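The two complexes that follow have subunit A in common; it is paired with subunit B in the first and with subunit C in the second.
On to the complex of A and B.
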């Protein structure tokens, strides 16, 4: 009898297949795209275009200890150390002509949506100029206000229409509205299942090592519009139900404390971080990532989709950002919060002091922060990380 | 009743400190060796403590280590973060302490205590060595004085020279530039103190200062920094002559509490 694949195996298979498909498309002379992590992937997916995700790729390269060399290459050709380390890793990757440890095909077109970060515009413009390839840009103005005005939705919807025309030119096909509707339906469902699965980790004890979230995140980033992703999250939900029923978990220690971790992980030091958290019995049960790809819109509503992408959690005002974190602390039944002062990410780090203060006032929970970087290993010290999590543990212990 | 001896060691990046505590209350002996983790400092402190208290390692009921070097010291019963230890130590030395500021060798921290003296929350510096003891060490070396002389020197200042850079390396060149311009050393040292105080006080304000403020750690011996901090925070700051031992005292108290808790169990 053929044994059923686990969700983890399914993620690995899907990622491998995605990379293979991108290389195969390239080999056949079909255009391959590069996209930012929360670009409306429904559009290229509806055209059957293969897309790779440089942020995901940079994170994987960093976890595989490749980013320092690639960042250094980018710095040698003139990029400042203050440029995001994902971008520097990607620039180094382009400059070196690839990477033996983890490769992706070079792009023929670019898909950039600045709902996650404004620096991506310059990052993608640079690639566009360097490789002389088209850049499809979806500009989502920052939502200082609580609601997205209809004028803004008009502006973004207009860009979606333009993007469709550009993709028709790139793919040489007319858009099949039925296909787009189907992809939108799958994407919404996958976003819903992703959030449902991640929300299940709030059970006590949590059925999952919090850092497992990042393995599954690869699927929701790179393959949100694919049916295989639906199966991954359905399988994961079954596994989590099973573990909750039997009081089991993938966390490798007794779960003494539950925290929300804010910010992108320090990928080059992810092993050390997991080891230290396990040592102190600290599990991550709170995160804002479950909300990142849970985009809600109707399957045939491009206008609604434009609005949903504009409201991605990085593109909202301080009040909403604070609400997201406060809710995740409450939902995750957390004892404290641990903030990553990420040198790369100006958007998430520079408002962290005030966000942390407001969240603390709202929840009364203790917090601590540490210095690091998502891909540049030079900005992190092991001793500082351990001292701060240990002190946070002692405060949580004192309060319990 | 049996006498309970506990040892608290605070192994910092530049200095090792330790005390022997009797029955959770009385400091029998202390030791400060100006060499930190990775040197002979911690071992020397242990030897001095045992010799001074006329006891052996076997007489020690619990040994707790804190500080940057805590994870590398062999033979400790427990390692505790310096934040918890500074909080406990500060309350021992100054029982009315509510906000504790520690300017250590390589970091600065602001701790808030509850009415029982337990650590409730803390904020630490980010990214660099500005506003830490190391900053003062570097500046003392450039000026050509011992770090312990900085306080008295700044007391003679007529003006405060501007040290605007928070980067230790850039601030170093500012100090050199002031020296070249014949600005009095006293004024330059006052400027160095002002620079540290501004950096740490903004951290303290961010943490939200409350009640009595205590400055601990080696830098609290520097009267110039204390005065500059009082100006920056516009409030009096308490210090204690044994403030450099705060972490060691706190870890010895932690050791006593932990030992007696397990005795009861």
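On to the complex of A and C.
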């Protein structure tokens, strides 16, 4: 019976299947795409096109200790260490012609949405130039105002129309509006279930090790419009309910402190980070990631979809960014906040000091920060990480 | 030469006394001055309001206050700009226009709103899908919002006619600057790198019609000078800006003439004219759609490299110097591909990191010296 599989097994299976399908498509001569993590995947999926996610791939390569070598390859061809380490890992991967540890097929087209950051534009431009393949760009202008202006939505709608035309050319098929509607429906439902599951960490103690979120994140990034993903999150919600009822958790220690962790993990050191946090009984119960893919729009409303994608937590003003974090601290019943000053990510890092001040003022919760990088192992020191979490623990202890 | 030196000295005065420029403009005209952040602002709209758009391109300053907002790996140019803002040096401006052309500029705009509340921030988010009609329309709406913000500041409407007149003044300025770049290229012994930079940069601190007039006078005077030229190597500068007195003087010392540039602060501002039409704001939006050759304007094709190589061929360039603004990711992404194309074309190039805050120049000195030696073989 299907239900015998755990949510974890289901994620692994789905990811493997996604990679296999991409390779199969490539072997059959079907076009395969590469997309940024919060691209409106509804569009390629409505055409049945297979897509891989370089950010997810780079994170996995980094966790498997592959990124340093790949970043070095990129640096040898002239990329500065200042360039995002996901991009450098990917450039190195392209330069080397693949990777034995974890491979994805090279792309025939690119899908870029800058709602996560603007370096993605430069990154994808360069892949497009290197491989001479088409790049479909969805530009979501940064929202300085609290609301997405109707002019911005008009612009994004125009781009969606253009993207559909480009995808018709790439796939050789006309868009089936019914199919798009169905994919939109599944995607919204999966986003809702993702958020619901991740919000269950608010239980005391949290039913899961906060870092489990990143395992499930792969599914919401790479397979947001698939029915298998619905099953994963339904299974996960059942498992979490079960654990909550029995006071159980996958956190391997007594949960003494609950924190929000800001930023992308340092993938090359993820094991060390987990070990240190576990040692001090610190669990991550707050994060802005639950909101990232919880996109709300009506199934047949392309304008609504455009607006939802534009409101990604990296694409909103400082006030809203602060609200997202403050809410996650409150919802996660957190005792403190721990900030990753991520060398790769300008957008997250160059607003972080002010965000930290405002969040501290709004919540009264203590915070600390550490230096690191999402994929370049050279920017992280184990000793600093531990010293900083110790300092935060001391303050949280005094307050408890 | 005396007239030439006097003209350049008067231009230089503006660069060295931006606060004086602002105060004088305000007292002379009773109008406002608006700061324009790098790299591309629709100055024509500000000009049409009778206001003075003034360029805010950093400059060397100790970084203290902005450390509360930015980690050390933030672009050196933006650290300077924020430092000036936080230090109150822009307080005489009625507003600053901060375009969101990269992640750092986005963050600067948001930090500004909190840290420099006394100087209003007017935002601008350019479309990256700039060639499609939806992109042009969207940018027009951004410009409309900016126009309305300026009208609120001055209390007076900005007419379409005024915008079109300003566009003509700006186009004339662009044409003059292109001509100046060519004249400077033919007269590197007069328009040495630093002077060339002063002439171009001073345009950010003056009304464009006044600057056009001065530059035209200068061009005329250069034509009168009979000086025998020394043998120079012909250099093209590429990057955001090459605003370093030390570096520019070193180029001169080593017989390296700047005969062309691909700098955001210089030629990228005046390579193209604003296209013709009736609707001023639409013309300005259209300008961004025809604009090419900058790391900040989305172009998945090879257009920037093409422009660079065409310039190299047309202007008989011997070598390229990449003036890399430290921590400027858009330029850093473009560099490897441009470098590869130059290597393939057999054009030597030098990579120099620009840090506005660093006054230690030994490294630059050694590198330029070595490079000039390589070129002379």
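The rule we apply is simple: the second predicted complex is superposed on the first by the 397 of 400 C-alpha atoms of A that agree within 3 Å, B and C clash if a C-alpha of one lies under 4 Å from a C-alpha of the other, contacts with A are read in each partner's own complex, and residues count from 1 in each chain.
Rule of thumb we're sticking to: contacts are C-beta pairs under 8 Å (C-beta built on N, C-alpha and C of every residue); 3 or more make two chains touch, one makes a residue touch a chain.
Because the structure is a prediction, the values reported are computed rather than measured.
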Query: Which partner does A:341 reach: the first (subunit B), the second (subunit C), both, or neither?
result: both
- request: Could you tell me if A:189 is touching subunit B, subunit C, both of them or neither one (first, second, both, neither)?
  value: neither
Message: Let me test your reading of the model: by the given contact rule, A:388 touches which partner, first (subunit B), second (subunit C), both or neither?
response: first
- request: In the three-chain superposition, say which chain, subunit B or subunit C, touches more residues of subunit A.
  value: C
Message: Output check: A:353 vs subunit B and subunit C. Expected answer is one of first, second, both, neither. What do you get?
response: both
Message: According to the stated criteria, A:366 is in contact with first (subunit B), second (subunit C), both, or neither; which is it?
response: first
Message: Between subunit B and subunit C, whom does A:298 touch in the aligned arrangement: first, second, both, or neither?
response: neither
Field: First (subunit B), second (subunit C), both or neither touched by A:24
entry: neither
- prompt: Looking at the overlay, does A:255 come into contact with subunit B only (first), subunit C only (second), both, or neither?
  reply: neither
Task: Please identify the positions on subunit A that touch both subunit B and subunit C, taking each partner from its own complex.
output: 341, 343, 353
Message: If we count contacts the way the header does, which residues on subunit A are in touch with subunit B in the complex?
response: 341, 343, 353, 357, 360, 366-369, 371, 383-384, 386-388, 390-391, 394-395, 398-399
- prompt: What residues of subunit B sit close enough to touch subunit A in their complex?
  reply: 68, 71, 79-84, 107, 118-122, 124, 126-127, 206
- prompt: Once bound in the complex, which stretches of subunit C touch subunit A?
  reply: 68-71, 73-74, 100, 102-104, 106-111, 113-115, 123, 125-129, 132-135, 137-138, 141-142, 295, 298-302, 324, 327, 329-330, 332-337, 339-340
Statement: subunit A contacts subunit C in the complex at 77-80, 82-84, 87, 114, 117-119, 121-126, 128-130, 135, 137-139, 141-142, 144, 149, 151-152, 154-155, 157-159, 162, 317-318, 341, 343, 346-347, 349-354
